[in-house]
């Protein structure tokens, strides 16, 4: 089984999410570089989708912006080699709804993942039971198939956690992605249960929006995914990001913002 | 949870357990005589079932072919078949101890049906509706509010039914612990397509018995319109194993050769939307495209997975009818029979009238008249006004 | 042709023979099993009768008194009890060899019912409607036109129902040889009040049997709203000889102590209008005054002569309910039972709810829910908006 | 039995209809004088009514005008003595719908008829069968109760005509009052049947609008009622009639117009 992160972890994982093509493809490449510089352990690269039912309003809008710019799943994957050229060496996880995947021939989809040096695949609307074939293919192609687990998963937690690859993505509370102020207290027992069955890092996502929350969660899990908070910052900076003369400054601003979530130790090794 | 290769349960992990619970509760409910008795009691004493079967004698005579019969779902409380399912799911919610209901709606018919049963059961009700539809369907918005429901305008995407459904699912993901999501058609993740089918099969079960009582035999063809496809499945369920031709009619909008239609089976490709694998209107990269139909109830980019299966096996034939053809049929039924059909149902009528002409007078077609057209009068008015204006223009242009 | 001193046939000489012919034809028809069979066949297979009786369980519980049952005339084809009579009279017209129909209408409900049966029977149909009502009820005007009827705007008088009735009678006077006038309520010259009563008594006949089946006894009270009074007479007919309290509810509009009401029995005096002697709203010189009610169906300055008689003998008690009270009852039924009543019917509801509170839980009230409120949504919207505006104004004024 | 007209008739009867109070009470008095001067054999004085179902649009509008001016049945009757003062000595027939009559105590209604020198009563919406009591009272008070008979009366013609007083008012064709271009050919046989049973003059009304029609009808009946044609002329002249300085000229115009219907012999004797 392939692992995304060297075990045991030296630092808590910081896994940022950005939408491919938001506000455009070039910006996405530079934002990925900035995230690595800010201490990202891996990057979730979101494929924009017309019907993102697992996403809150911030990421929905990012999707719309990217789709208007003509982004699609194939173009998005082709951004990754560009990131690599600019020095990004952390794992890149493709975050995509199932339907765009389904429209590609399975062989060509996996060929694209491989040739574009993509390390992981996360499909928020394909549950464990429907994923057997995809997980099999991922193993054949050395792609980590990331599973989500939710507080409502109850009896399913064991099944999902035991079979998890790369990391287990724990939904912090009921819900879709988005910025939240507080976490449910029951999260501790939920994470304990996941950790009990998981052989890979246990990461919390959906609603992580501040350094304080990251610190709060650090004591009970192996890392966090931060999405909406970063995407909102990109939304704020979109005009500057699209303008060549202001892009660098905007990237600097973004990097500084991202650092508030990142681990202090910026040098890591990746498998 | 599959119909051949179609269906399934493609949803965020958060919903997997709630869906399993609903599946289990529904299974138990359908074996509980007390539940079934309450369901049928409400259908009969509250919604006014059984709905009658009416011979469209004048149209039959005019077309000179097969006898045309109408299953009158328009006579249900709230004016369409939607209430059958809303009653069933609300009872299921009650059985599961849920006191908060959510629903999506396009033109507002399912929203009104859901708001109605929520009022009847004393449940809190939130209806998600695209902002564009809220604007176009103010009367139905007001009806829902009058029934005590909260109507939540959805501003994402194109602000119509698909987006309302997305938003309802998002809300449900966040509130599934105490909310029950009443889906309005045979779509969504398993077990919804099955649940809705079972709560709508009363249409066909009744119609079959009624038709046999009138004609002493089965109809030659049974027809219905399809958007999501709940009235069609409800009607067909009783006839699937019989030697009866089944024809479902999709909305061709401005024509299936334009990009303004909602003919999912005729023109769609396989994909996953709202939790199930079915035929969809989408682009090559899997982005769902906006459908179009004059009929808000057929204006949906997907179709129930069971329909996808029935199309692929060939058991049901899928045809399509344009806006214009549907309107002509609607007008004919109004003028000849005094029945104002919903524009949705008029799609089935249009196709049925064409079939009838080709059939012998000892043959018969049983059509599901899924709803009444009162809700469409605004649409019809502006359409016929536009048409009159257009004719005037043509006349003015040709008489100069 | 009299109910006590009320009723009669006060019409221009031209109409005397046509009325005698109708009386004779109706008498023969009602003794002809084939006619009755066709009438009941149409009621059942076309309009969806029998309409159900629904227990308003939540309202009953909330009020804590008598059990409240609703006879669901709102579930009829076209949405109200009006179709029962329209079917009957159209059949009578057909029997008499008349192929042209005329009718008057206020809000358009009777006009739609008549246009509907005219379409069904392939008859030419003219509907007279006050110009003011044509303007206010554009949707119903369009519905009638869609059904193939010609809507004739009436510009005389106040351009509302009374004037439409005058004009329909004038037209009939001139065209009585080949036209049949379908009057919409238990008003007009003899034999109309009797004919309409006999075609509406199906409401009470059904309800009595249904109620007895449910409760094993008769209801304590039977209630209905009255404008012209056809739904009330149709409901009461079956109970007149039973030990059951009968209560009819008039429209008090802005209050019976203002001059903005339609409370004909409560405040009217004897006189002749539209062919019969009854109670009227009029001035001291016999000029008919314009009634007022938020409900277009109750907004009539006369009342059926049989009601005048039943009021004078005391067999039926007549009460009145204001616009505001009716709206409160309408909202309560919508929110508690998921049933949107016509504003007309809401008058009966309001009064019934007050009665129920004073009664014991083993007692019961059976209310005729004469029609559905979909047609009233515009009126309700603007009313509730006005109310909200008013409340805002009060709030703004008191928070300064 | 009282007779309105001396028998045998020396000329064909010309019975004009005007609405009391149209355009005002004073004008009505002067119009009555003018009508007598134009050869009227009697005058039908219409009581304005809110719901005149037997009248066409012209007389409906006259009714509305008169009601707006505050005219009512009592005021209308009181115009008659004023007409008498100005020399009107032909019979005056009160034309009223039933409801205004019903609102007066029967005794006071007949007292009013008598004291205001009214000769006849015509109620268009009270059929023969409902009129027994009123006819009885009329006889007691020497008021002619005028009956109408219509082409649809068929078997009723004999009953109505035999009991007629003053004159029989024959409705020219199906219908309400109003101007018509042509009469039904069947009118001849209808009038023949009425004449067969009637002991009083047989007069045709409803739709007589031109001298030519009067002449056409003269050969088959004893006279005509002219209503809408005259009332339309009053409508045309209303402004002049309401203005004291122009009233006389308007009355002159009206008289000339009325003369086109009147008999050439202007001197008659009345019983």
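Letters A, B, C and D mark the chains in the order given here, with residues in each chain numbered from 1 onward.
Heads up, the rule we're going with is that a contact is a pair of C-beta atoms (placed from the backbone, for glycine too) under 8 Å apart; a residue touches a chain by one contact, two chains touch by 3 or more.
The UniProt protein names, listed by chain, are A, D = Tryptophan synthase alpha chain.
Predicted, not measured: the structure shown is a model, and the values here were computed from it.
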Chain centre separation in whole Å, for chain B relative to chain A (CA means): 38
Averaged-CA centre spacing for the pair chain D and chain B, given as whole angstrom: 66
Distance between the centres, which are taken as Cα means, of chain D and chain A, whole angstrom: 97
Graph class of chain-chain contacts, one of line, ring, star, complete, other: line
Touch relationships between chains, expressed as pairs: A-B, B-C, C-D
Footprint of chain B on chain A - complex, ascending: 49-57, 60, 64, 67, 72-74, 97-103, 124-130, 147-156, 160, 171, 174-176
Chain B to chain A touching residues, read off their complex: 8-18, 156-157, 162, 166, 169-170, 173-177, 269-275, 277, 280, 282, 284-289
Chain C residues within the chain B interface of the complex: 44-46, 48, 51-55, 58, 72, 74-77, 79, 115-120, 122, 138-139, 142-143, 146-148, 331, 334-340, 374, 377-378, 380-381
